[in-house]
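Here you go, one structure.
Going by the order they are written in, the chains are A, B, C, D and E; count residues from 1 in each one.
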Amino acid sequence: MSPAGHVTRTEAPLIHIADVHKSFGKVEVLKGVSLDVAKGEVICVIGPSGSGKSTLLRCINALVPIDRGSIVVDGQEVNDPRLDKLQLRRKVGMVFQQYNLFPHRTAIENVMMAPIHVLKQDRREVESRARRLIAKVRLEGKEDAYPGELSGGQQQRVAIARSLAMNPEIMLFDEVTAALDPETVKEVLVTIRELAEEGMTCAIVTHEMGFAREVADHVYFTDRGVIVEHGPPREFFAQAKDPRTRQFLSQIL
Amino acid sequence: MSPAGHVTRTEAPLIHIADVHKSFGKVEVLKGVSLDVAKGEVICVIGPSGSGKSTLLRCINALVPIDRGSIVVDGQEVNDPRLDKLQLRRKVGMVFQQYNLFPHRTAIENVMMAPIHVLKQDRREVESRARRLIAKVRLEGKEDAYPGELSGGQQQRVAIARSLAMNPEIMLFDEVTAALDPETVKEVLVTIRELAEEGMTCAIVTHEMGFAREVADHVYFTDRGVIVEHGPPREFFAQAKDPRTRQFLSQIL
Amino acid sequence: MRAGPYGTTDLPVLLPFRPGARGAAEPAPGLGAAWGVALALVFALSAGIAEAQSDAGRPSTVATILKWTPLLAQGFALNILISFLAMAIGTAAGTVLGLCQISLLPPVRTGSWFMTQFFRNSPWLVLLFYCMLLLPFEVNVGGHIVPLPDWFKATVGLALPVMANVSELVRGAIRSIPFGQWEAADALAFSRRQILWMIILPQCVKRMTPPWMNLYAILTVATPLCSIVGVNEAMTLTGDALAAEARNELLVPMYAYLLLWFFLYCYPISRATVALEKRFAVK
Amino acid sequence: MDLTPLWEWFRWLYGATGVKLTIFYDAFDRQRFFDGFLTSVRLQAACLVSSVVVGVVGAWLQGSRLKPVRLAVQGYIQFFRNTPPLVQLYFFYFALGYYLSYMTDEGLRVALVSNFAWAVICLSLYAGAFNVEIFRAGIEAVPKETIEAAEALGYSRLRAYVYILLPLAFRISLPALNNNLVNLVKTTTISYAIAVPEMLYVANQIWSDEVNVPEMMNVLLVIYVSLVGVVVWIMHKWERALRVPGYVS
Amino acid sequence: AAQTLDKIKQRGVIVVGSKADYKPFGFRDPSGKIVGFEPDMAADVAKKLGVKLELEAVVSSNRMQFLQQGKIDLMIATMNDKPDRRQVVGIIEPLYYASGVNVLAAKKAGLKTWEQLKGKKVCGIQGAWYNKPVAEKYGADFISFKGQAEVETALLQGNCIGWVYDDTAFAERLADAKWKDYEMSLPTIMEEPWGLAVRLEEREGPWGKFMSDMIKEWHRTGRLIELEKKWKIPASAYLKKMHEEAKKAKS
């Protein structure tokens, strides 16, 4: 099941996932998933709860080891036991549903920590970059607020800035708006859309169909550990063939 | 502000609310609310957060005492200090946003407890009725699960069955789907619609406009403690006159 | 209902005391003062009764107690010294032990778990006897003879259970940090050591402070146990004073006096703990 | 069964190695150590039960409408939490004990309350002060919506308490309660100070008489750790048994 | 181990273990200093050696361990001379005092024979050597405390019918009005001399010899009888006898 007919499919894909299997104990969560993401491409993954979307994203930056198959990120095999995980994770940023900001550090410190401690970059330089990122996610003035003092949407934007501070080549978003109240969802989606428009390679798990339709180059539908259907958003949403996809879309829309 | 032009308005209303006032401390939450619900009628109350919808429902079964005005349920004045509250509550079932199941009892025990402890009914008879109710809310096989083992939608349906076990004449639903994830909302709404179709008198607070339009005989819009507008759903949603109502509907729809 | 910030502490008595029932929002400092006064009254009353019972011609109870006060104060100072030292030693050792409990190496993890459980399950007094009677009175450190005075051995004896409790506290606090924090830090390419020291432990400190202060209060009220093994702290000296006076009408006021000393020292600590806990709970 | 050979083996051990375990081969020491063990167990059991009773009654009184009652409970809790249990024990036994004795017709003074009973009273009050708070916190942790739901089902206040609130509050309190009780079991050793013939006290007598401190110390430590271990284990089982699937308390 | 005598001289300090709760043999004054009959003896030793005296409070249940561990150099702590103790610590000959065991009980209790103690609760001091024989022989049920103050109180409030202890400890009390309803009615038993002790391995060494000479001198000069008077202890026959013998031996 290899995706075809993409927009920017000219060179080797930045992420190449082939026949990935993953079980937790006896539960097989991924049962042979394959997909490619080209540089600068934005893909969205949708599907019912428990279908393995989060697990798939976690496999890409080696938070979860895979059982079988292959994931190649920028030429590096993730499944290789000799893989330098830290190296990989510098390249791949990830934003979670629950933001997971570090509550004991201010917004700007959250953004600055990893570049300083992991990349060993110069503090002053990191700080000026952090300020630019905070401005980019429209949080000027909130630099010194603690996560507990920010709304969900604001926290999620800090989390995005924190990931961007590592200058990743790829960003993974795992249902980043699922825990937000409807009013702040938009702020976050706007931020992600801007990123996508600037050419960042993104893999996005989302339940926001409107957003997926608008921002994705390619949409994947997963169910019970396999990719059931995929295609460019226009085709995907208008003329899904698979009955499970159709049922899911009818319930959600 | 007395509602008129109802479908089944022939005999005395089952619930008669007239000019009800209620303050918590200095906050006046209900500022003169009047409405009637006839036997077998289904009303929906919508309105912004904090407008007093929940408080109104709680007043009906005397969970909250009112300051002024009158509420008559099935001929009984609720505001009467000599009122037998327990008697009233047996007649009026209520389902909450947060389900509020008893977490230390299984689903079927939750359903059986009140009839046995409160109505002193025979255990065996109650059990067979409880099984029928569990089946009615489509939870066969989950009888012996504890609330913690059920999804939100399943818990909410157990809560409905628990209320029904008391054979109430009226059911109050307070935003019963607000805490549920989108996929399970439907399960619960279907259950309520079936109840309504069977002729149960229902007062429903909801944010699900589609549902309100479909199931209600009459829709009320509350804002800041008063009923701003009401009418049969078709008229109400198509041609609301009050600007606040219109604004609210435009935001939600 | 959800596990609170201290939900994972296995030591409920270490949880800060929450004064006042739901309906009873007493002004807390007033209440504390009231009880301090009440205890002082009990003391005064017992002194009065003793006064009435004592034979004419003997010095008054109050005068007698005042006479012994400087000695008692010396003893009490030793109690406080022991509590400080035992807490310091116990906290240092306990933190290490607690970190060992989440080590990735199974033998280290199991070993430190056993050690923690062993010292947690031993009665304080038995550990005290153990250290007291079986530690040498002096040790040879690289040719230097370092004496181990009694009170120091007792301090070690008290530091052992403190260590075990701190170990559990550390482990519990670390476990109570949501997994998402580890995951997010992992995704940012922090190493395990960095995650622990820069992200997890700083958050633990805050969570641990109130129960840690409570542990200190518990330790302080445990220091009189040293008197059983013969350390000359406040309790022992009270007993010696009573023996020297040989007037048993002094027993009530003298022990009430000693209780008062401890109360005056511990009560503010428990208030501060509650205040701190409240402040943390708001954030 | 005749255990004499076993006992004699320990006598031989002493002769051969100097490890002096008189509690095995000296009939008098054996008897008193065994009695001490039994006394420890009895003491612990009595304290456990009565401290829970104190906790329940205290929690109930703390919910009282009368301010003086609440204040009294508060004072009781504060006093016992913030003063040394050992001094409390001394205060109760030596100071208050005198006022709780009476003269017989023959003019003999007789204590109304035995050492054992004083230890139980004092330790129960001490642990009870913690239990009051634990129960109280458990009751407060039950969401008030759950009680509201019960009332909406026609439960009276009292019934809602009996069937819903208390069972939940008890489950919520259980881990904290168990830990406090385990602590209590350990604290019972302080009754040594008022000569309750429990294990530590007896062991001390034995090592004073026989001068075999290390042996007795190790025996003591092993027995106490196992005894407390058993209590912890039972409590754990109990907690498990009462745990409701899927319910995080 | 270094010879204690050298060690003391080298340090310029002698550490003596003494009771702090056995009035008048060893107790505290309000400044916290330990004073009494035995501390005075210790002071004599220090003076003779020309070193400073440091007193360490001991109780019956820890005094021998302290000596064994080397925490104290010398123990003068109302200890009876017993064969099993001689195996643990070095008890020095000659002995310096003597007491027997008796019971302090209410006159109303009507104690006439030791056998009456059977099954009765009696108070005692932890670590006293005769607790076990009295319990074994007469079937008394001991409740033992750490110090005399505790026992007194327990006795006065009726937790036990009598106090089994050194008769010397009772003599002073019976003179006090507080104890007017009490008596020491039984025949004194197990009369045993008191011994001061050094570590076992030094009994025959220079330190043991030194102390042995010291005691002989005390007996000969009548110093102990003098101290007895100073602390208002009823004159004991034992000291008198030892004094006579010592004088005779000298001449």
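The working rule: a contact is a pair of C-beta atoms (placed from the backbone, for glycine too) under 8 Å apart; a residue touches a chain by one contact, two chains touch by 3 or more.
Just so it is clear, the model here is predicted, and its values are computed rather than measured.
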item: Joint neighbours of subunit C and subunit A, given as chain labels; value: none
item: Chain separated most widely from subunit C, comparing mean CA positions; value: B
item: Most distant chain from subunit A, judged by the mean position of its C-alpha atoms; value: E
item: Maximum inter-chain contact count - chain pair; value: C-D
item: Between subunit E and subunit D, distance of the C-alpha-averaged centres to the nearest whole Å; value: 37
item: Distance between chain centroids, defined by C-alpha means - subunit B, subunit D (Å); value: 50
item: Junction residues of subunit B, two or more chains touched; value: none
item: Per-residue overlap in subunit D, given as positions that touch at least 2 other chains; value: 94, 98, 143, 193, 204, 213, 248
item: Multi-partner residues of subunit E (at least 2 other chains); value: 65, 146, 150, 153, 156
item: Pairs of chains satisfying the touch condition; value: A-B, A-C, B-D, C-D, C-E, D-E
item: Contacting residues of subunit D [partner subunit B, same complex]; value: 143, 145-146, 148-156, 159, 163-164, 167-168, 171, 244-248
item: Subunit C-facing residues of subunit A, complex; value: 61, 63, 85-87, 89-90, 92-94, 96, 98, 100-104, 113-114, 117-118, 146, 148, 159, 162-163, 166
item: Partner subunit E, residues of subunit C touching it in the complex; value: 55, 67-68, 70-71, 74, 132-133, 136-138, 150, 228-230, 232, 236-237, 239-244, 246, 248, 251
item: Subunit E residues touching subunit C - in the complex, by the definition given at the top; value: 20-23, 27-32, 57-59, 62, 65-66, 69-71, 146-150, 152-153, 156, 176-177
item: Contact set on subunit A toward subunit B in their complex; value: 48-49, 207, 251-252
